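Would you mind keeping the following structure in view while I ask a few things?
Labels run A, B, C and D following the written order; every chain starts at residue 1.
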């Protein structure tokens, strides 16, 4: 699974992205985030307030219940501020 | 009194403007138009439908009841189509 | 800046001039009106814009003052051409600069709506069916009136 | 035309390109977003725009398709920059061309509203009080949502 982080999510986690293989129980975005939070204090801090996070699965905006699978590109980021 | 005509008012009257001295009874725009209509068939045709006319007195939009006096610049024209 | 002129104008330099040296501006909205080659079903070869020199400038100043009174604008530009113009030619440029995008966008929309019905221009179309005066459109009156209700 | 780029763009040539050779266009509306030197009470020295390459282009294409579905547009342009930008620098250009002014104006307004909340960009401000991420504004969510109601 290819993970990407943007904005303050990237800054708090301390990296722009990484390839990870979550354990078998991780089947949706919410489970992925819960698992990521166990990986260290930067993750816990970045992902603490789930309502402040936005998610894209394979470059499409997705909800917390969206499925994730091996090979997916999952991006976690703050609300967008384009324009 | 300096009269100016624009758009199809100018075209029907056959001139862009003229200096005229209306008779003493002409004190407002409606009276001026009524008097102008007596000046020839071009005027009568141009000024026939008063609801289709717009008027400016000294370069400010004016109503039919607006006063007119010697020295004024009075313009008669169709509804404006700017932009 | 308000100009009434026969000549064309340079869109890029007019828009850039609005924000030059003013770092308080967050947005510039603009509208350019162009001559189309059709009017309803009829082919248009050219239009000739006639205006009322003197009054035109006054009316444009009034419309601009109204916009400045309604929205916090840093600057605005209106350039309106007259004379004979062919399809593809620019007729008018309206551009507004503000700290806030909503103000710039609304003021730009307002300015072009009011120009349509309140600027003393008249358009003679040279069409395949002969010459004809462009008539005022009821839609344009509604667009003008909408801003009165919003006041 | 949709572009995501680090470099600046030429406003005049981008707007002129929209109508070049198309005499069906009656109006071109545009909006340019610029970096301001303040945010609230704080002085801004620069902003750095980060984006999500790949997804950004897809989202801009989606927003453009939505605009084309809602209004009869002859053409549209979105250019969005990323990287470090200073006060006065251009961030984004949105321009729409249509036979009808209302369509061009509404689509332009729509595009910039939706870019604000649906284009994957994030802004880091370098201010006199240190670095800080620009937060999403509730106003922008409302501006986005308004177009959903109008649909």
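Following the convention adopted for this analysis, a contact is a pair of C-beta atoms (placed from the backbone, for glycine too) under 8 Å apart; a residue touches a chain by one contact, two chains touch by 3 or more.
In this text, all values refer to a predicted model and were calculated from it rather than measured experimentally.
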Subunit B to subunit C, fewest steps along touching chains: 1
Approximate Å spacing (C-alpha centroids) for the pair subunit C, subunit D: 23
Whole-Å gap separating subunit A and subunit B, where each centre is the average of the chain's CA atoms: 73
Chain centre separation in whole Å, for subunit C relative to subunit A (CA means): 48
Subunit B residues counted as touching two or more neighbouring chains: 83
Where subunit D touches two or more other chains, by residue: 33, 101, 112
Touch relationships between chains, expressed as pairs: A-D, B-C, C-D
List of subunit C residues in touch with subunit B within their complex: 33, 50-52, 54-55, 58, 80, 91-92, 112, 115-124, 133-136, 140
Subunit A residues touching subunit D - in the complex, by the definition given at the top: 4, 6-8, 10-11, 56, 59-60, 75, 77-83
Subunit D-touching residues of subunit C, taken from the complex the two chains share: 10-13, 15-16, 19, 21-38, 87-88, 99, 101-102, 104-105, 108-109, 112, 143
